[in-house]
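Before I ask anything, here is the structure I am working with.
As written, the chain order gives the labels A, B, C and D, with residue 1 at the start of each chain.
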Amino acid sequence: MTQKLSNAQIAWRAAQDIADGAYVNLGIGFPEMVAQYQPAGRQAIFHTENGILDFGESPAKGSEDWDLINAGKKAVTLNPGAAFFHHADSFAMVRGGHLDVAILGAYQVAQNGDLANWSTGPKGVPAVGGAMDLVHGAKRVAVITDHVTKDGKPKLLESCTLPLTGVGCVTRIYTSLAVIDIQDSRFVLIEKLPSLSLADLQAVTGAELLVKAPFADLIVPEL
Amino acid sequence: MDKTVSNLPAAVAAIPDGATVMIGGFGGSGAPIELIHALIDRFVATGHPKDLTVVNNNAGNGHIGLAALIEQGMVRKLICSFPRSADPVVFTEMYLAGKIELELVPQGTLAERIRAGGAGIPAFYTPTAYGTDLAKGKKIEEFDGRPYVQERWLKADFALVKAHAGDTHGNLTYNKAARNFNPLMCSAAAVTIVQVSELVAPGAIDPEHVITPGIFVQSVVHVPNPQQEETLNRANAVYSGAVQP
Amino acid sequence: MTQKLSNAQIAWRAAQDIADGAYVNLGIGFPEMVAQYQPAGRQAIFHTENGILDFGESPAKGSEDWDLINAGKKAVTLNPGAAFFHHADSFAMVRGGHLDVAILGAYQVAQNGDLANWSTGPKGVPAVGGAMDLVHGAKRVAVITDHVTKDGKPKLLESCTLPLTGVGCVTRIYTSLAVIDIQDSRFVLIEKLPSLSLADLQAVTGAELLVKAPFADLIVPEL
Amino acid sequence: MDKTVSNLPAAVAAIPDGATVMIGGFGGSGAPIELIHALIDRFVATGHPKDLTVVNNNAGNGHIGLAALIEQGMVRKLICSFPRSADPVVFTEMYLAGKIELELVPQGTLAERIRAGGAGIPAFYTPTAYGTDLAKGKKIEEFDGRPYVQERWLKADFALVKAHAGDTHGNLTYNKAARNFNPLMCSAAAVTIVQVSELVAPGAIDPEHVITPGIFVQSVVHVPNPQQEETLNRANAVYSGAVQP
């Protein structure tokens, strides 16, 4: 098995592409880690679906205010300049194209930008939350994910086999092995781990990787 | 004009079997725990109301609040976006046993459908859910070359809402992110019943700071020091109705 | 010419039907007079389209705040319990059926409840404001008007000849001669001036007046 | 992050010929007089911008603000609900002479179309205007047996907005009924330019009291003691551009 990035390192890489002052929504769970790796001197403004703009870090344990939570129901704090609003206004920000970036997890991403990240099939209790809204409206919809599933199958595919979250919505994928853009319904390689050959990367990717320009090395610090 | 009701049982007395009831809150923040428990008390004592359709973002957590309402078997159908939580066992078991119906709605669409119900907009188009299972059977229309899904308004017979301060005219403020769906639900229900942590006189809330104008509110009941779902669940609380005399 | 009510008296009569605590929108101009004649012990809450609920009387001349105006751009004051909101929320109140009563002026009303009150035809500059919204949504849409035009022609008609404001929206008409309800697309007489015969009233009304139950005398104080 | 712009000319410098510009205010309350006059100054000095499509509830009053913008011949088309005022002579004359185009929209529909533009809702249905001349050519659909008119969202390239307090992130409050269309327009324009009477630091506005969150605002310019349209008109003021150096 080849070297791969940890979740923290994937989150770090995704954080490097967020501009100072960008309005950002991070999906529940793994994507929330992106907030920890903002480059020095840059300050993104984080939006949470349940009605806060510009929330900050977690409070100290024991000092949580359970009316001050994020979409994952975790306690948060406020930065100066924060604002509260109701759910319709919150999703007006999402659907209306006011977010600069949304970063989500994925079960599968297709080369045309289709995303599947809400349902693994008809079993169990389905739950969608704000994912189907977030994939529409943000100026840039990025995915962070392991490059393959736990049993080694590709998550980047010609077309998704799981129920879709959105059609043609993803523009960039940060994986444990590479950074890949979606352009004209094709996967385009932007960066890959230098320890990995293009052939090896292609072997764990379920659709053809285009190389349109010289790709870069995916270099991430130890975290 | 005075919209206050003197106690919780009186506040929820008129909700009939089969009613559609919107319940505010996102998870535990903004959840009107005391109003929900008063409704459970009534059910335990009288067998009513039952066969409710409940609209909430979630499906309850643990064995209090909305989860307890579901556990009592009072809810026939749930309309929500995210029926998962730290402890979703009540809903999960009843759903998998086919004892409760679920209408799953994307969160932003849920919010907008409720807002539309309050604003007299019978239908609108959204990009959300286009091409997914949740748009199946829905009307699709293209605007400027892009496909959108037609969604209908959502209205309720009653809304149960938690606010922070409220005056006797029904003007309301909320506490931080406990605002969430509450102002929308106030506008979309024929009868909106609000529990307020602070009951104040008209004029005590600055007109600039009113979040829900009183026109959207029918009943106000004062519940000082309300319980918080998260705190109750961390204490493993269970609610199964007040002890009946 | 027979005796008829003054505008103030028509407004007074309309005010008698407004319940304590009712949410009311009064159209620009003549309908604004209704606010002056609320019966003792009753307090309606007045809504204005430009974002105020529970505004009060006009301020003293010279103490106007030009950011505190009604839809007619007249300066107002606030009652305790007032609230400000933006235009979309304001018309959510209107369109969403939250107002108990809207009282409007009219050029013409048809027996099916059609109202024409915004345009006298293609000449000049058209202006509609909130009239077309107000006729939908309020639980009760009432009209106050002189019974006939300035040149004596009926304003209550089988069908409107002027451009419509709304279709089938009016439920009660307070005129200078009578109070008339619209039921099942017909004019139904509720009250008329005692000095006026039914035949005389019918003669100045452009559609048949039904008498479904004993009508009452329209009795209004000197004002 | 600092969205402040140092002066009025810089604030309006990027508006090109042919732009769609939403201008806040209801009559004079909430009208960004100084931003409008800065735009007139630029036009008088450079001949640009012209051929503007302006969205406002009204059509200006007297010879200042929006009326002056129209009087300069900068506006090709006006989208509004009520082009009348105490002194509507400027618009009236140009309209009757065929020198300006008018799209008349019922006031609630205008507000909702702007809100829809900001909220990513390309179309919605309303009972308003059904069966009238203003619904001619529009799609009609029945819901629950009642006919409704389909209306499209309204977006703009720029919005000129007047707020009361604003922080450097663009969070805003308004003064009383000067709120009106301003928060909606903030959300519906690609670039929202706000004049604030008080410029404050982030955190100075209570997060509970923010009416327009900064995400909807691109530029903030401090204009202390702004002029009020009503007061100017009562003094018969005329604005025809600043004296050029």
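Keep in mind that, in the parts below, a contact is a pair of C-beta atoms (placed from the backbone, for glycine too) under 8 Å apart; a residue touches a chain by one contact, two chains touch by 3 or more.
Worth saying up front: this structure is predicted, and the values here are computed from it rather than measured.
Student: Can you give me the shortest step count from subunit B to subunit D, moving only between touching chains?
Tutor: 1
Student: Report the inter-chain centroid distance for subunit A and subunit D in whole angstrom, where each centroid is the mean of the CA atoms.
Tutor: 36
Student: Based only on mean CA positions, could you tell me how far subunit A sits from subunit C in angstrom?
Tutor: Roughly 56 Å, centre to centre.
Student: Please tell me the distance, in whole Å, between the geometric centres of subunit C and subunit D computed from their C-alpha atoms.
Tutor: 30
Student: If you look at subunit A, which of its residues touch at least two other chains?
Tutor: Expected reply: 52, 84-85, 88, 91, 94-95, 136-137.
Student: Can you tell me which residues of subunit D touch two or more of the remaining chains?
Tutor: 112, 115, 119-121, 126-127, 174, 176, 207-208
Student: So which chains end up touching which?
Tutor: The complete list of chain pairs in contact reads A-B, A-D, B-C, B-D, C-D.
Student: For the complex, which residues does subunit D have touching subunit B?
Tutor: The contact residues of subunit D facing subunit B are 112, 116, 119-127, 141, 143-144, 146, 148, 152, 173-174, 176, 207-209.
Student: Across the complex, what residues on subunit B touch subunit C?
Tutor: 1, 115, 117-121, 167-169, 171, 187, 201-203, 207-208, 210, 213-216
Student: Okay, in this complex, where on subunit A does subunit D touch?
Tutor: Those residues of subunit A that touch subunit D are 20-21, 23, 43, 45, 47, 52-54, 78-85, 88-89, 91-99, 136-137.
Student: Quick one: which bits of subunit A touch subunit B in the complex? Just the residue numbers, please.
Tutor: Listed in rising order, the residues are 48-52, 65-69, 73, 84-88, 90-91, 94-95, 114, 119, 124-133, 136-137, 163-167.
Student: Show which residues of subunit D lie in contact with subunit C when the two form their complex.
Tutor: Against subunit C, the touching part of subunit D is residues 26-30, 57, 59, 81-86, 88, 91-92, 95-96, 102, 104-112, 114-115, 126-134, 174-184, 211, 228-231.
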